[in-house]
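Below you'll find a set of structures to go through.
Each of the two complexes below includes chain A, the first together with chain B, the second together with chain C.
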Partner chain A sequence: MAVTILIPTALRAFTDRKAEVEVEGRTAGEAVAAFAGAYPDIRHHLYDDAGSLRSFINIYVGEKNVKDASGLETPVRDGETVMIVPAIAGGKALVRDSGACPDDTGRRP
Partner chain B sequence: MILISGDAERHIRAEGEKCYPDECCGILLGRIDENGRRRVEDIVPVPNAGRAEERYHRFRIEPDEFMRAEKRARLRDLEVIGFYHSHPDHPAVPSEHDREQALPFYSYVILSVRKGAAAEISSWELSCDRAQFNHKEMGRAT
Partner chain C sequence: MSIISDRRLVALDNSEIPRYSRHLLLPEVGPEGQQRLKAAKVLIVGAGGLGAPLALYLAAAGVGTIGVVDHDLVEASNLQRQVIHSTRDIDRPKTESAKDRIRGLNPLVNVVTYNVALTAGNAMDILHDYDVVADGTDNYQTRYLVNDACVLLDIPNVYGSIFQFEGQATVFHAADGPCYRCLYPAPPPPGLVPSCAEGGVVGVLPGIVGTIQACEVIKLIVGVGEGQGLTGRLLLFDAWRMKFREVKLEKDPACPVCGENPVINELIDYEQFCGLTQPDEGMDGITPLELKARLDKEDPLQLVDVREQHERNVFAFEGAKPVPFGQVVRRMDELDPHTEAVFICKVGRRSALAIRALREAGYAGRMLNLLGGTNAWARDVDNSLPQY
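Presenting the complex of A and B:
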C-alpha cells in the first residue's frame, strides 16, 4: 500500500524540508517504520532506545488517532495519509523556576 | 527572529487575560523566509487540555487540535511554526517543565499575565540538544 506521510514542521529539517513523502506499508506502524528507514536521522526522534514509538508521538491515519483504533497495527489503505503529531505541553514551574535561559550570546534576559 | 502582527499579539494578550488565573495556549501558523525568519500569519487558540486543577501552571494541547491546525495550515500553504502559552503571575521565561516537554525548531511564545493583566511577552526556541531554550527576538510584522 502506498501511503503519504505528513511530516510536522519540526521534523522537516531531516527530510530536506519536504512536508510529505510517500512510503509503502500495510499498517500505520509499517508506514512510520518505512519513513524512519528512509530518513535515519529522524529515527531517534520517533523511537526510544527500545525501539518503541516515543510516548509524545501520536500517529493519525486520516483524521483518526491510532491510539483510538488498533495502535500501530491500524491498517492503512492505498492512498491514505499518515500524520505524525507530537504532543505539546508545558507550563510555568510548580515550585520555583530554574531561571531565565541564556540566549545565543550567553546573556540572560 | 519571529515577526508577529499587532493584531495577533493583541489576540494572544486577550487570551491570556481571559484564561487567567489558568494558562492559555494556542498554535502559531506562519511562514519561514529564506533567512530563517518566522512570520506569524494566524493564531489558533485551543482549549487548555490539562487537568482542571493543574491549568494554573500547566498547559496541554490535544493531538486532535494539533492535527486540525496542521491540516488547516497546509490548506493555506502555511506551517505550524510554534505555540504560545501564558504564565500567570510568573515571568515570560521558559520553565524546566517547558523545556522537558518542548521540541526543537518550534517557536515558543510565552506571555506573562500579572494579576490578570497581560505583561511582557517573549519568544524562545529549544536548542537541538534539548539542553536549553534560546531567547529569540520578536519583531512587529507589518
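Presenting the complex of A and C:
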C-alpha cells in the first residue's frame, strides 16, 4: 500500500525539509518504520531505546489517533495519509534557565 | 453551555452599550453573553507571541478581569511578533507593558498582573481565582504545570502552541474531555527535537494561533452548543502552506491526572519531570579557547559544522565540514573515526544532539562538543564574526 506520511516542521530537519513522503506499509507502524528507514537520523526522535514510539509523538491515520485504534497495528488503506504530530511548546519562555532550548528566540540570555 | 453561571451576571451600564454593540447585535452573544464576558475572569499565562493577541482581543471583547503572568522584560527581538508591546516598552516588564496597552484599549477591564514565573509553588494560588486559563507559554514544564493545575482546579485550559510556522490549538477541559497529558503523556527529553531545534518563528503565526485561543475563550464564556468548541479536537495549522487540519482528541482512561485512577493529585516537580535536572552524561566539551589553542598547535582534528545552510550563509566556520544535524547519521561514513571530531552549532545544543545521535548509531570515534557554539567562538576567539 502506498501511503503518504505528513511530516511536521519539527522533523523536517531530517527530511531535507520535505513536508510529505510516500512510503509502503500495511499498518501505521509499517509506514512509520519505512519512513524512519528512509531517513535514519529521524529514528532516534521517533522511537525510544526499547523501540517504542516516544510519548511526545502521536500518529494519526486520517483523523484518528492510532492510540485510540489498534496502535501501530492500525491498518492503513492505499492512498491514506499518516500524520506525525509531535508536542510543540513554542509561544513564550516563562521559566528562566530551563535549559530547554537556548536557541529559542523568545528566551532571555 | 457557558462556564459563567447566571447568578454572576452583571448588568451593563449605558456607557458600555456602544462599545459592545457589534456583540449585542449577534444573537449568539447578545446582552446576556456580554454580561457573561463582563463577569468572567481569564488568566493569560505568558505575555508573549500568543499572549499578545489573547490579551488584546479579550480586552476588546469586554472580559471583565484579565490576569497576566509573565516575569520577563520586553526585548527588541520580541517586537517582531509580540504586538502588545511597543518599541518604547523595551526593558520594561511585559506585565506592565501589557497592562498599559489593555487599559488604553478598554479601561473597563480590571487587569491583574503577576510579574513572576509560574511555579508549582504559586500556580494553585494564582489560578484558582479564574474561570478560564489561556496557555501561551513556550516550554514543556510550564505546559504540564498549567495542565495539571487546571485539571486539579477544574478550570478549562485553552491551549495554543507554535513552532516555526506550525501551530496547534485545542481546549483541554478534563470535566468534558481530554487534558494535555491524555494527548502527550510525557514531553520530549531535552536535546530531542522538537524540544531543541533551531529557533525562529514567523511573526504572524502566534497572532493567528493566539487569536484562535481568544475565540475559544470567548465561546467558553458566552456558551456554545455541543461540538462547536475545540474540546476534543486538535486544530493543526501550517502557516507556510496555509493549511488547517483537524484530528480527534480522546480522553485517556489511564491518564495519570484526569483518568479513572489518577496518580497525580497535587502539583509535582516539573523541571524533574521534563528531565531538566539531569546532567548530560558523559559528553565531552571543548571551550572556544581550548579549540583555538589546539588548532594553533595543528592538532589533528576534524571540525563538523552541523548548522543549516542559511546559517552558514551568515558566516562559514573556517575549516569545518558542513553536515546539517539532521543528516549526521545518514552521512556518518564521511567522518573519520580515527581523528577526533569537534561538533559545532550556534549555541552548542544541536551539536550535542548530533553527538548523541552518532553515538547511538554506533560511531566509534572520539567526539567533542564546542561549548557555547559559534556564538561563544565569536565572543571569545574571533570578534570579527557576528553572534546571531
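The criterion applied here is as follows: the second predicted complex is superposed on the first by the 87 of 109 C-alpha atoms of A that agree within 3 Å, B and C clash if a C-alpha of one lies under 4 Å from a C-alpha of the other, contacts with A are read in each partner's own complex, and residues count from 1 in each chain.
The rule we apply is simple: a residue touches a chain if its C-beta (ideal position, glycine included) is under 8 Å from a C-beta of that chain, and two chains touch if they have at least 3 such contacts.
Quick caveat: nothing in here was measured; it's all calculated off a predicted structure.
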> Taking the superposition as given, does A:73 touch the first partner, chain B, the second, chain C, both, or neither?
Replying inline: neither
> By residue count, is chain A touched more by chain B or by chain C?
Replying inline: C
> Touching A:89 in the superposition: chain B (first), chain C (second), both, neither?
Replying inline: both
> Does chain B (first) or chain C (second) touch A:14, or do both, or does neither?
Replying inline: second
> Is A:24 contacted by the first partner chain B, the second partner chain C, both or neither?
Replying inline: neither
>> Identify the residues of chain A that lie in both the chain B contact region and the chain C contact region.
In response: 8-10, 13, 19, 56, 58, 60, 63, 65, 83, 85-94, 98-104
>> With touch defined as at the start, can you tell me which chain C residues reach chain A in the complex?
In response: 45-51, 69-73, 75, 77-78, 82, 117-119, 135-143, 160-166, 168, 183-188, 190, 192-201, 206, 234, 236, 238, 241, 245-250, 252, 271, 274, 276, 308, 324-330, 346-350, 356-357, 360-361
> Mind pulling up the chain A residues that touch chain B in the complex?
Replying inline: 6, 8-10, 13, 19, 56, 58, 60, 63, 65, 83, 85-94, 97-104, 109
> So in the complex, which bits of chain A are touching chain C?
Replying inline: 8-11, 13-15, 19, 39-45, 54-56, 58, 60, 63-65, 67-68, 83, 85-96, 98-108
>> Taking the touch rule as given, give the residues of chain B at its contact with chain A in the complex, in rising order.
In response: 23, 25, 50, 54, 57-61, 63-64, 66-67, 70-71, 74, 79-81, 83, 85, 87-88, 90-91, 93-99, 101-106, 108, 122, 124, 132-136
